[in-house]
């Protein structure tokens, strides 16, 4: 063990935004959602391909409902912009009322997409008027910030959900056939060693701390991270293909018991969107040749874990990952690149840091999603945001090609069930060191 | 037993239509489908609220596919109008290829409603060109006739499916809020007695016989119908309400075993579209007060059977019904009335015939759907039209307020599973006579 | 149509048994059940291999409960022999109390088999004492008769249920390895023609008529049976094997839609108990070579129907069958032969009658199980015996190698769901005649 | 953070047992299993009340199979004692062959209980002969030790599975009605504070280390445990009753999202075995009055977590628990007490240690079951013992009133799915300290 505390720098103190700055950011984030939905017809925006996914129209509406409910309607005398819709666009906030069943969101032909876009406008007008007036208390300003972070999460889900929806159509239509491609070459994989150390992880609780972080990232706390090594980049398609060719999907001994049951029940034999020939895949631009250099994607935890075992390695713990990412600039292939698909960077380890930590693919970790010691959920209904999902889910780190750059940070914890494959999820290998 | 054969008149011989008559009828039926879909947005036309129901867009496409597949593409050298869509719009004709899964029809945002309407136009142009050319063989002309009958069936399903779809939306939107209403008074219920007799039932096999009938209605054959009595009109909402008030849904002894299991599992306590207060119901015009005089509707076979037992009666056999309907003009409240809802007629037994046999509500019978002696399915792929469903389904007779008048006849056999409630299905009582 | 009524002889009037005759019969039937259970260990008698089947111990107990409940405990002041067990051994008589869930009968390790056998003895003592005393009213005597008929039904179920239970054990243990075999040769199949006729079918309602029949067999009534032909014997294993070899289980067009769904979902490719090699089968004596001459057995309605279609024939209607059986002596391979397996008889059509109508295998008919016109269920709780199952089931006729001979008659209607295969169920072909 | 490493004493080095010592232990453990099964009839020993539970007979057989497979049959030329049974009694070791489906273990009436007891004897004779001969290599001796640990696990499962099986019988029969009771008084609950410290946790890998531990307990490694406080004893029935009375089962906000779904789906409103009146509970001695002082038991993780949230506390992390237990003698209410039920001890915190850490109830922790850094599964087929279950399960610590004392240690990690309630599982509260 290292004799002294190795303390990665926490994010530097940030001043909270002014109302005017917040209004600018509000406009930008809200417009961005509309832009992401722009390629979709009203019919596309209706499709719900599985209970866990939501129609694009619902994402557009629910994110607006969030501001309506938690910003506008918290003010004295304010009713929801449209009380009839209140129940339709609640996701799971039981403390503010019943919610329309998640699995039946795809049945809502009314309100129409045009009505939902108008609903967004009405909510936006109201929120921006509040911001203009300039007399908002700190709590309301914070809920606006939270609403924008929430909206950014849904921007990514809008993309992953519509990708699944379009893939379910035998015509395999593209979200946008003209998406650019960026061929690259995967660098040679290297191991980046780290000694045992006690480090600080997580984020200080917002809004006490100025920099935004979700409640599930706090409190910042000390953890002991053992000696280990991390791969310099995520696993590539070519590497994952070798696992398939070696019979990975037919070898029970490589899999977690739950994973093997899923393989057998679902007939899994390749990543979600790969074609049977293993040489092309469905993307938001339609079916395209598989790039062997790009990070492998649309894997479940079970597949990531089996691959790692096959490779004689393991998945990283979330604090191994966070320690490596602390102090690293949040650069990478995010939604802003416009690729909407993972790509090889060619970059290798720099300054002893693993590369490609942010963007391209969310990286499954070996850590179950659980509360940090001292965790406190947000007050009131917003306390339902994160904490109640701390069961049966696994942490992913780093963000993807569908994440907004400004939404990510080293302490960010994403979480999904182990069988989920429709996110841009891949893996980076880790291994123990003596 | 009556000493001689009582033989209701079979339908009089009808000459097959000329190609030009058929072209006129083709235009009329095909246009009618578009008119029925006209109140729906592209989003409405996407909704599939349960596996057994289909989106309106799919009905529009599938009925066109039927002509494309069985009329146009049977000609030498003809490929489907759009080969990519061939598989999407096949329903269950296994012998002409795989079909898109029934339960996943609601995921097809593409082709769009506009593309489907255009597809209809292209199919229509091709079929009408064939008819114009005037050199179609008898088999092709018959398949056009069959396609029109098929389309009329789907016109009714389009209405019942969209009614269910809109009802699943908590906003309970109307298909058309301006549908007219026709208040009436239910006549006093009378029993119309009939003696035992051997009668002819069913229809002569089309196309050998000129008048159209489905294969499941033939051959025309003799059956012995025992002495019985039929109610002069269908059961009314007020009568059904008395059954509820008397604890009908809580009394196991009134129900078939499968029916009681369904009541308990599904929590049934009233007809499908009735409100909890039992005084209003969902209609294609939205929620409206319940008319106590109108025929009770949206009942399963289980409910119809339990009601009949409670009333000290039973359901009619299909030949009891057909014998009463033979020779009766096919008049009634059909889709052409524009009500799209059952209504009381005030009419009673006329000339010793039960009233309201046709239209308003399909009447559940005590007869399982089975082959008549000597039944032969249509040749080729069209043999899958009816025969293969002769298991687990029950016969309904008479047509409903959503049926096209020209689609019905005394020998017509509709069939649904015993638990189905989303059709306009009600009942007429029968009883034995010593 | 034949110009006059062709009336097969109804069963001749029979005097009801005297109490002493009934006591003798009671002893015989009750002992027979114990004999059938004798080869089973207490552990064997516990197994419930599927919800529709019951453990042998439960059959032993439930048949006793029937006498306790409907004979003994109907007398003034009589409580059930063991009130704690009353609920355990009720099957589905909702009007006399809740019943232990059918699917959980296999969890009842207590009462033990020894206790159940003792319970039988206590019930027998009580019933026989009542009979001895000689002052039983007609209704009670009738319920004793009904209880014996009921017990005979359960004797057959005990055998079919334990056969399934033992087959589920990978060791494939025999119920009795020493069961005799009776090799035979299937006679050449002939068609026995019958003209159209109005016949009487069914049985006069017991107990008004002295001869026992279940309520579902009455009233005796006239039906018109069309011209047809019946096969002279059931379909043999060799014939069924030819269907398999011809791809019968892979040809959708041969199957009812529900049947094909079942084939695909369950992976059916041969009769229930046949081995993969199609040359041996599981019997109550363990696995034995398949006799190509014996009637094919353990078929669902779906398989019987598909075979008939493949053979260019169809299943007989229940009245076609009953008309052929009327007046035929109830001879055949029943449980009394001790074979407990179907066997070829070598017999062909005799006197213009089909052979092997009774015994060997229950014969699926084309008739859904429904009420005869004028049907009245038994009074009181016993009204639940038959009528409430008249939905979703199909009629089988003739009895099997596991049926007691004295339990059968030409009007007897057995019924099972179309997918059921664990009974000794086979088929006889029929076809239409011009 | 404490400035120096706080290192709880690891278990002292232990010499491996001699073959003769091992033979003595073998006889003792194997006999103990038979004694635990002694109150059961062959019928009781057949019952499988849910897929996750196994019949007692299967436990008796499988534990013998383990020795047969992994000790006896690994020797040159040795076939399984009974090759036909090999597949029946394999649980989930895919690498040594297919296993009989877990959910169908209750269908195995053959081999009989007597045959299984004889099978045990034959395996025992063979294993003891090998030990007698004295020429066993270290690996085989270790597999014998592992087999005994494995058997002890199944001793506890035999008790919890039969408890569930008997409870499913409406007669609620006792496993042993004469089990003694030990009334006690729950001490006042105190909080035992602990400062932040880096501690060693886990066990050194056996068999390199002489003291037995499962692979999932190693390697021994450093972890940082934050400042916190642990309750001095488990939560009592009286305390849990207060949670119920306060509406705990009706307050969504107290529950994990998965937990609340379970509450709603399953209708949970009290611990598994409590009676509706909340004043008695089913025990292995039958139904007995609920002791308010005894530890609450048969709780799922969801219930434990909801209770803790209601109490303003949380569940302990597994290392918080282990740190408190390190160096504490393994004393408590184990299976050897003969109570087979949790009991109040009256003991409070002693020497700053929480009381009742071992025995009575397994204590749910906040830790998902996962690999320790550097974890290596056992070699070969035995590698399937633990590692493949590291998904979807939660760690419990401390052992129960059904655990053998010699099977437990501070580093022992039990694991079950979050919804499981049929183990003797309860909870101890923890809370953060600033």
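So that you can tell them apart, the chains are marked A, B, C and D in the order they are listed, and the count of residues begins at 1 in each.
In this text, contacts are C-beta pairs under 8 Å (C-beta built on N, C-alpha and C of every residue); 3 or more make two chains touch, one makes a residue touch a chain.
In UniProt terms the chains read A, B, C, D = Sulfatase maturase.
Here the structure is a predicted model, which means the values were calculated and not measured.
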Counterpart interface for A-D, drawn from C-D, A-B or B-C and sharing over half of its contact pairs: B-C
Centre-to-centre distance between chain B (Sulfatase maturase) and chain A (Sulfatase maturase) (centres being mean Cα positions), rounded to whole Å: 49
Inter-centroid spacing, chain D (Sulfatase maturase) versus chain B (Sulfatase maturase) (mean Cα positions, whole Å): 60
Distance from the mean Cα position of chain C (Sulfatase maturase) to that of chain B (Sulfatase maturase), given in whole angstrom: 37
Contacts with 2+ other chains: residues of chain B (Sulfatase maturase): none
Chains that touch, pairwise: A-B, A-D, B-C, C-D
Touching residues on chain C (Sulfatase maturase), where the partner in the complex is chain D (Sulfatase maturase): 41-44, 46-47, 49, 84-85, 87-88, 100, 104, 106-113, 165-166, 168-171, 173
Interfacial residue positions of chain C (Sulfatase maturase) with respect to chain B (Sulfatase maturase) in the complex: 1, 5, 92, 94-95, 196, 198, 221-224, 226, 228, 252-253, 255-260, 301-302, 305, 314, 317, 366-368, 370-371, 373-374, 383-384, 388-392, 418, 432
